[in-house]
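Data block below; observations after.
Labels run A, B, C, D, E and F following the written order; every chain starts at residue 1.
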Amino acid sequence: MLDTGDTAFVLVSSAMVMLMTPGLALFYGGMVRAKNVLSMLLQNFFLLGVASVVWALVGYSLAFGTDAFGGLIGNLDHIGLTGVGQEPTEGSTIPHLAFMIFQAMFAIITPALVTGALAERAKFGALMLFFVIWQIFIYSPAAHWVWGPDGWIGSKLGALDFAGGTVVHILSASTAAALIVIVGPRIGNQEQAMPPHSLPLTVLGAGLLWFGWFGFNAGSALAANGLAASAFVVTHLAAAAATVAWVAAEWLHQGRPTMLGGASGCIAGLVAITPAAGFVGPMPALIIGLLAGLACYGGILLKNKLGYDDSLDVIGIHGIGGTLGAILTGVFATTAVNPDGADGLFSGNPGLVGAQIVAVLATIAFGFLGSLVLGFIVHKTIGLRVSPDHEIIGLDKTEHAESGYDML
Amino acid sequence: MKDVTRVEAIVRPPKLDDVRNALNEAGIHGMSVTEIRGCGRQKGFTERYRGSEYTINLLHKVKVEVVVDDAQVEAVVAAIIDAAQTGEVGDGKIFLSPVSDTIRIRTGERGPDAL
Amino acid sequence: MLDTGDTAFVLVSSAMVMLMTPGLALFYGGMVRAKNVLSMLLQNFFLLGVASVVWALVGYSLAFGTDAFGGLIGNLDHIGLTGVGQEPTEGSTIPHLAFMIFQAMFAIITPALVTGALAERAKFGALMLFFVIWQIFIYSPAAHWVWGPDGWIGSKLGALDFAGGTVVHILSASTAAALIVIVGPRIGNQEQAMPPHSLPLTVLGAGLLWFGWFGFNAGSALAANGLAASAFVVTHLAAAAATVAWVAAEWLHQGRPTMLGGASGCIAGLVAITPAAGFVGPMPALIIGLLAGLACYGGILLKNKLGYDDSLDVIGIHGIGGTLGAILTGVFATTAVNPDGADGLFSGNPGLVGAQIVAVLATIAFGFLGSLVLGFIVHKTIGLRVSPDHEIIGLDKTEHAESGYDML
Amino acid sequence: MLDTGDTAFVLVSSAMVMLMTPGLALFYGGMVRAKNVLSMLLQNFFLLGVASVVWALVGYSLAFGTDAFGGLIGNLDHIGLTGVGQEPTEGSTIPHLAFMIFQAMFAIITPALVTGALAERAKFGALMLFFVIWQIFIYSPAAHWVWGPDGWIGSKLGALDFAGGTVVHILSASTAAALIVIVGPRIGNQEQAMPPHSLPLTVLGAGLLWFGWFGFNAGSALAANGLAASAFVVTHLAAAAATVAWVAAEWLHQGRPTMLGGASGCIAGLVAITPAAGFVGPMPALIIGLLAGLACYGGILLKNKLGYDDSLDVIGIHGIGGTLGAILTGVFATTAVNPDGADGLFSGNPGLVGAQIVAVLATIAFGFLGSLVLGFIVHKTIGLRVSPDHEIIGLDKTEHAESGYDML
Amino acid sequence: MKDVTRVEAIVRPPKLDDVRNALNEAGIHGMSVTEIRGCGRQKGFTERYRGSEYTINLLHKVKVEVVVDDAQVEAVVAAIIDAAQTGEVGDGKIFLSPVSDTIRIRTGERGPDAL
Amino acid sequence: MKDVTRVEAIVRPPKLDDVRNALNEAGIHGMSVTEIRGCGRQKGFTERYRGSEYTINLLHKVKVEVVVDDAQVEAVVAAIIDAAQTGEVGDGKIFLSPVSDTIRIRTGERGPDAL
């Protein structure tokens, strides 16, 4: 039966998750050089459009339709949102449409996260085309595995992923890795400083992301109940601890606490708590956040060592943070928080850690290899990268015939 | 007509107000100011960006340009030095160079009177 | 009886709609030249103040008081919010005060929309005075017609306007048209490029508007139920489709997909779905969005042809989008979505299209002629336009004694 | 018993209050010179981290634990959030965790408000350390006094403070005053203009603050009911009236209406209505807003006269606005709005004004003297102020090794 | 080789387009433009910031630099005056100064041909 | 004292780092950099704004100024050409002009030693 409180909560949460994509656009946009700010913004903003349309037409059905084949993909019953109505589905207290649109926001932001890895060199049209195909062949199946009816990871393997540690963060990072392999580094990578052009934009974006993440994680309870409150609290505490941890780490390691460190730290914590949000208590959340801040800071140092060009650190933050969070979910999960979840290592069930690792590895493999194939096809046909000339002049002028700022 | 000179002073941004006041006291009211970046002996700043360090060698400076009668040049130079000097590396330079003519756009006047 | 879920939803929706006005300020503010950014921001921000005060004192009563005269205007029973209390009115599940403040946000943003048409030349004081009079004589009656007790459009004519296609968008555009006639074009219009000074601000504004629009449209269900979820979904899908459509159109037509096109497109879609939000299903919403994106892009090209100076395209987006949406509501509406609505053309009732057209024409006529009269009075007495000198130097310095930026 | 509507409302309100801190960061960040923008942002952003962690570990227990000693402080029962669970506490309809996290957001923003007073000269590390100690020794007790079980101000004295006029605003202002005494004015204060570097950032911040304040004040009803709607409405109207009042005052007094005046005015109104939000009706709210706009504008003029360097006017706005609001609560409060409140002067109970004044004075004294002691200890050990060199170069480069903008 | 001159005009920002067009009409296509701030006889703006007033004495100006053949100097000066003059205080100045050589980076050409 | 010269090079912004490095290798460490906009033979960009097209003729350039001993001028010019040349229209210009005196603000030194 429909519950108005739950419905209010999920609808507002959907709106908050929607706001994360513009938030992410600004977060990323502030970090690129001024000549590429609009390209960064448009890649994200356009996904709000195109990924939503594809989701309504086909993605939702593939992800959340009745299982079509061995827990791997949904059927086509909900194509064009057929049968997705105002009534709750069985066992739910919110309109089916509310659930669908909440999930749509996840299908938007996941590819949006990827754009950071290819910043300042990706060709707009080709990248958008890639994401359309990718939603159908990579994202929707992966979502089905974890959250879909009879999905093999969620229902059979019994791995836990409350709000998208694997589906959103690990998948976006492994996709990013594949595209980085295909597209290669920016001209001047590691030779020349490419400092952020406007950190206030980035901070604004981080603030909106943190805000929206409450919808992302607490909203994943799909009800306004004690579990939602718990997910809300652990989300906040993990973000807080990670902010402190990252800033403290760089302060000790490099001598200065930075604003970009604070903004990056909170995202690291939010990423890591995502899979765990509905399964762990507040003190484990502080530990998860702390470890995420440290681990992702380490991930970024590692990138600088290894030299690949993950421009805005999708792997370092979403890959490392997501993996850490998924595994720590296996460590800290307890049915005392969520009777529908499972107990983890510290509650006497080491098996859950194993299931979590399988889920992580499967997602990495699928995301990386699948994107490698799709990416190569797109790259070899229309090309995923702009010409060196255009890259040097900047994508705003060359790809979009605009300038971010005109102060003269 | 070679009796006007361009005095171009590159100074630290926080000294701009002092320089302007000093010039005003020396009777000079017209000037033009440009934001520039400079490098020289002064050490740059090391900035950080997600774990990578880079040095900003081009430091913010301000260029003050005054075109004045040759007769005023030494007074102007002295006023600028007085106002802008801290004694630390990075105080900046003054360059003097010839101006062959000056025109006031408003009136079309030429020569030193146009200043 | 009061329902906490519904109340939570309408209060949060009100807050979200409130945020649309700062969002709009930034959306517009980014598009003007740097020398006028504060004037644009203050015109919107000040309306948050003055339009709210007028609404509480008299506007709400005129719009939503018991009908005083032939469906044209409400009575004065609620002057100073007398009788507007914490209890729900009959048949409602939310506090009367919640309904009042939700409506207040509409009375703020409608004049705020108009400011874009007069950007970079309107005199602050005169414009604000105009809007005070205008709320009383134009906005409140028009709202009464459509939503007020026994309003002639909503109750008698039977035209549908879920969240303000006529009251908000068509009214603001027709007001804008009248003021453009009175105030005339900017110095240098069509001779000289006047590019946006900061598109990131505009994108931020568009993101906040999209977010707030969920409150605007879904909140108009005044309950957290299936209809709210439906309105939420169609709002999102129309915005998404219009974003894609506008960007695609300019890409084909002018060779480049632009960020400003994406931001403009989403607003076009949001405008067009506004009257339809509670009456149509998701696939019609995609069509409405698609057509809105194309039509409004066309509207903007038309302006450039005709040469009148609707600086930030209030007519092109809110006029054309609102009119299109109102008519398409007549085409796609179905009682399958909302039993309290009506069937439209495609559900066998062509009459609804007629009613919609009458509602549109009445609103255009009233908004345009009424604003022409009020505008002339203000213009002839204190003048709606700044001096040419001030216009050239910029309104921030001359009208407000401030500068938007000081980076020296 | 848990109510989903109330829970949805309080969780969303918590998210909205969380967003106020990034909003405040931008509000303040826009007002400082470009060379200090990141230092301003990080001081606020880092508090989102560290103040949350301290709150979960100990602050919440001290503030809201069972009274330990004469209404002055809570006990340690909730250390590390022990016993703070998903179930509502007795008499409540929301999860205990939801209440805890809602309160956490207040414990974050209160110190964040203080940072404005020390803008452009405070040493990051020392200030953060100060705030950690301060939360434990000053904020948590003060919150306990007013809202904690058997707190002496709220339960014994019977003073009213709905959402934090004393605990948040007066406490932050009196802390600011103490730190100003310790730290002293900026180099060049009152000799040299220090205009805001980006007013659009400030306006954005003001918009987010206004939005979040609905969560702050209406959320303080801890339920989605008529009282919440009433608190929402009076919050909006006071902000609106104060915006108009401030702008009008400076227009008359200094000849120009300014954007910064509008943004400052709304905050003044929001501050003043905070203690009164759950106790007064809409027309008193308009009066409170009006007086707050005028009084805080006066407060700012006074500062310019007296010459102390409260850089971003924490005393002028939060001190004066909070005090005015607390006293006017005593004037306008009525049990007609809130039966659990009290009647004030105009409802025949002049005694309430007395109680309000005692509460104000106690908070000022405690905040000022307590912060003076703690501040001196921190200042004498590690120093609360950067070196003159660093102050002149700017805190972004010297304290954080970053630049806000890089447009080259 | 002393046959080229730098013409440096400080004008009001809104006049920039007119000046550029006037120069184009005079056959001059190459130029460089810098945003500067200037003070002189023109009164500054009084701005306000939370009740405190301050005067912005450094006003936005634009500097247009053209290096031209000596033969063209007078035509250039006339074109600029024509385009930038409003007759109000603050119209700006033109400074002429010698350039000893010119090089086109693309080709390495030197002298007046490099313009 | 006429032994110092101002070398003013207008180059493409992405070449700035290369130019700085080339100058450093040529033993020149002091310089001043200004963001400017230039037009010349290089075609502008067409930008779009809600359906209207306009051409940005003023393109971003960077001006590097070095004041050096006359003896160093040719080496400096060669280094700049080498670093900034792409061979495409829009590479920019170098202008040489006389400087009559140089002062180091920090010490008051004058003449070539002040560089």
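The definition used in the following text is that contacts are C-beta pairs under 8 Å (C-beta built on N, C-alpha and C of every residue); 3 or more make two chains touch, one makes a residue touch a chain.
Nothing here was measured: the structure is a model prediction, and the numbers come from that model.
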Minimum number of chain-to-chain touching steps separating chain E from chain F: 1
Shortest chain-hopping distance from chain B out to chain D: 1
Pair in B-D, C-F or A-F that repeats D-E, with over half of contact pairs matching by residue number: C-F
Selected pair, greater C-beta contact count between A-F and C-F: C-F
Gap in Å, rounded to a whole number, between the CA centres of chain C and chain B: 51
Mean-CA-position distance for chain D and chain A (Å): 33
Contacts with 2+ other chains: residues of chain A: 3-6, 8-9, 12, 16, 195-196, 198, 204, 208, 224, 254, 256, 258, 260, 401-403, 405, 408
Where chain B touches two or more other chains at once, by residue number: 34-35, 37, 47-49, 58, 97-98
Residues of chain F that touch chain B when the two form their complex: 6, 20, 29-34, 67, 97-106, 108, 114-115
Complex contact set, residues of chain B against chain F: 5, 9-11, 34-41, 57-58, 61, 63, 77, 80-81, 84-98
In the complex with chain D, residue positions of chain A that touch it: 3-6, 8-9, 12, 16, 33-34, 195-200, 203-204, 206-208, 210-211, 214-215, 218, 223-230, 232-233, 236-237, 239-244, 247, 251, 254-260, 262-263, 265-266, 281-283, 286, 337, 405
Interface residues, chain D side, partner chain E - complex: 193, 195-196, 250, 254, 256, 258, 260-261, 264, 297, 300-301, 303-304, 313
In the complex, chain D residues that touch chain A: 2-9, 11-12, 14-16, 18-19, 21-23, 25-26, 29, 37-38, 41-42, 45-46, 48-50, 52-53, 56, 80-81, 84-87, 94-95, 97-98, 100-101, 104, 124-125, 198, 201, 204, 208, 224, 399-407
